[in-house]
Amino acid sequence: MSLLEVRDVSLRFGGVTALDRVSFSVERGEVFAIVGPNGAGKSTLFNLISRFCEPAQGEVRFEGESILGRPASGIAALGIARTFQNIELFEHSTVLENLLVGRHVRRRADIVSQIVFTPAVRREEIAHRAAVERVIDFLDLQPYREQRIAGLPYGVRKMVEVGRALSIEPKLILLDEPASGLSPEETTDMRFRIDDIRKRMGATVLMVEHDMGLVTAVSDRVLVLADGQVVTAGTPDEVRTHPKVIEAWLGADAGEAA
Amino acid sequence: MDSLQLIVSGLANGCVYGLIALGFVLIYKATEQVNFAQGDMMMLGAFTALGLANDSHLGLPFWVACIGAVVIVAAVGWLLERTVLRRVFGQSQLAVVILTIALGFVLRFVAGTIWGHDPLTLESPIAGVNVRLGGLVLGLDEIAVVLVTLLLTAALFAFFRRTKLGVAMQASSQNQLAAYYMGIPVKRIHGFTWALAGATAAVAGILFASKGSIDPNTGLLGIKAFAAAVIGGFGSLPGALAGGLVVGLIEPFAARYVASGYSQVAPYALMLVVLILRPHGILSQVHGKKV
Amino acid sequence: MRVQLKTSYHHDIRLFPDARRALRFAGLVALAIALPFGLDDFLIGEATNVLIWAIAGMGLMVLTGHAGQPSLGHAAFLAAGCYVNAILMERFGLPFLASFTLAGIVTGLAGVLIAIPALRLHGIYLAIATLALSVLTEDIIVLAEPWTGGVVGLVAPTITIAGVEVDRYGSPDRFYWLCLAVALLVTLGYRNVLRASLGRAFVAVRDSEVSAQAMGVNLARTKAAAFGLSCMVTGWAGALMGHFFFTFNHEVFTIVISIQLLLMIVIGGLGSIQGAWYGAIVVGIVPQAINVARDWVTGAFGGGGLAIPGIEAGIFGLILVFFILFEPLGIHGRIMKWRVWFDLFPLCRRDMFRRQKSYLRTERMR
């Protein structure tokens, strides 16, 4: 059974078809990349999986169960975390507090005991902090842990978003353009992080990315999307040499360059 | 016959609400700011006209006083934008809301200091004159209110639809930075909008004052006009007028057919119903945010 | 610059980051407890007023400052708490502690009920809807005359706690201590919420609804919780306010009170517990300062009996305009900046606190 299964999904905004009968499945433990030109429907696909929009038809299953009946806030609890293309952090909070929000789905205490701050709540808080601290160590965010997001450089923010998603302890993590806006050094850094997320955190990675270097380096399989339709899918090498991909997306003479 | 009379007086009241609501919408459409002091600007317009026209004050001819009031309140609006609101340029809507509420307090205080806190009446040539239409007795003031309102709404509507400036105003509200890049003088447009809203408020104030007495707390009428603007959908000029008329009409009828206590309650209850059923007003302009 | 060396997770979640601050707070509390011994009855009353405003301010702060939901209608919940408390004491003969607790709970539940339709409203629309709520409250009090006494109003019964009578006029010091106890308990509970997951959920909803949802924060439930807690605390403030005013009717809890409450927490500094307290102190001091200034003016220039109605609201409005323009983070923000400045002295750069230029994108996209 695949971890995530997207079957025959279609979505229209007004007259525009954003997704047209898209199907694919993500296996446990792999890094799966979605590539395609702007407007191909990649982010829409992510928004669909995180339940920010509703498909006109089709089915999305996670661990064999449909997630389409769940609200957007019920997705994290299943073990699906995500980052955003244009960073959506809690600007006025510190890095630590941002990551702690990721622990929200793991909370146990009810409102009254939180107001009283019972010993049980205290124990729970400490457990959350221990978990978050592991993520901070994992991503080397120690220098920033007490700083507010508003003053942080872009590359660090991107990493904090990854960290916040990891704090959920997800089975599947959706990365929306993790390398966009990063310097070449930071992109290399991100590449190793993604590798580590899979190997050391044991999470499956589904990502949307434009940087073909990064995609080729980290992903096991690649799905090519254009105009809301699946062009092809396969290993990075298969996809890169696929005639339709070269023609439709990279341009006629880009085959060798890529 | 009786209910016809109710309708006419309701329409006249509704037009005043509609005019204040028009001011809200005008500013909202062009700057995306919400001016909670619009009601107080209306009050200021009424008092300025009164101060210019009444014999106990300056005693200028009525029409001169009217034009004077419109010009003065427009200038006040422009000045407020220039000195105060421009400093919160680009900040959240809530900051502007709180700022304009505070400005309303200040305007009320200023008016109270100049003209006192007792109710005063504007000496207007159209007050108390009755017109006989068939069997119907209508106040000239009421007819004037309806006519002026219709004219003003139509003019503003055409302005936003047809003129280059009107379209530029709408553009600047939706994305200030992009509007800048397209060469739209965003700040100057904001100043102009506030002046326009001030002029509208002055007209509303004069019309309101010719129907009854005014005091510095008259500005609280703005809250009712808010209900009107919301009922009509915040971004629509005809909607604002329609909302004002609905509020104006519902008041006397609620008082007559339910109980007198309910005439105050009805507009707000209606607004809450509209907000719950259509959270962004009847003529909605809101779309979902993209991530 | 002071650096804290943290050696355990407890350091991050305890009430005070270091012993110095704990001591300072203890000193403040001791001073507050001792206050009635040094003041006359009138000033004790004014101090009590500040405490009640602080409680109400904390009630609104959790909703507006932390959960990001503006309310221009909190006078409605002050009224609810006030009337429920008085009716429970008068009609049902409940002792004060029971009626007081219930008043908060009932008001909190009312808040949750109101939150359900309000969940669909954002920013400005929510502000307007709550404004309408405040306007409606005055009329509802009049219409519900059999319970509320309508325009005549009610008289707050005398409070008896464990055989000790607490009366606003008879024993203002005891009433002051009662309000102080409530204020301190509310502050503690508020602080606890902020260091637990609920407080973080509030801030998450305030700063980005989209990513809050992606993190598993249920918007409806979180906002309802914010409304519930906020209204509960506001209800308590209202109950105390009823005893403070002694008699009250529909004209006490007007829209102006709602607005003043919101303006108060903005002056104090949105998003901090201290902000509610600073704001309350300003609200308490302004009328006194105006009185002093008036006495001074009439003393210096003669012409006695100079009374300007509406001057309080006017001056309050001016203070607020000043704050929004020059210190949008309120008194709390100003104090934090001074603290940083002293900590870094002489390394502070001139532009350190300069606001970044920002441009508004339409909020019609929601």
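Points worth noting:
Labels for the chains are A, B and C, by order of writing; each one numbers its residues from 1.
In this section, a residue touches a chain if its C-beta (ideal position, glycine included) is under 8 Å from a C-beta of that chain, and two chains touch if they have at least 3 such contacts.
Keep in mind that what you see is a predicted model, and the values were worked out from it rather than measured.
Taking the mean of C-alpha positions as each chain's centre, the chain lying farthest from the centre of chain A is B.
Here C is the chain whose Cα centre lies closest to the centre of all protein Cα atoms.
Here the spacing of chain A and chain C, counted between their Cα centres, is 40 Å.
Measuring from the averaged C-alpha position of chain A to that of chain B gives a distance of 49 Å. The centroid of the Cα atoms in chain B and the matching centroid in chain C are 32 Å apart.
Chain contacts: chain C has residues 210 touching two or more partner chains.
Annotation for chain B: residues touching 2 or more other chains are 291.
The set of chain A residues touching two or more other chains comprises 52, 84, 88. For chain B in complex with chain C, the residues that touch the partner chain are 32, 34, 84, 87-91, 93-95, 97-99, 101-106, 108-110, 112-113, 117, 173-177, 180, 216, 220, 223, 226-227, 230, 234-235, 261-262, 264-265, 268-269, 271-272, 275-276, 279-280, 285-291.
Residue ranges of chain C in contact with chain B, taken from their complex: 70, 117, 120-125, 127-129, 131-133, 135-136, 139-140, 142-143, 210, 255, 259, 262-263, 266, 308-311, 313-318, 320-321, 324-325, 328, 357-366.
Interface residues of chain A, counted against chain C in their complex, comprise 50, 52, 71-77, 81-82, 84, 88-93, 96-97, 100-105, 107, 109, 111, 114-117, 121-122, 125-126, 128-130, 133, 164, 168. In the complex of the two chains, the chain C residues touching chain A come out as 9-10, 12-13, 189, 192-193, 195-198, 200-201, 203-204, 207-208, 210-219, 225, 229, 271.
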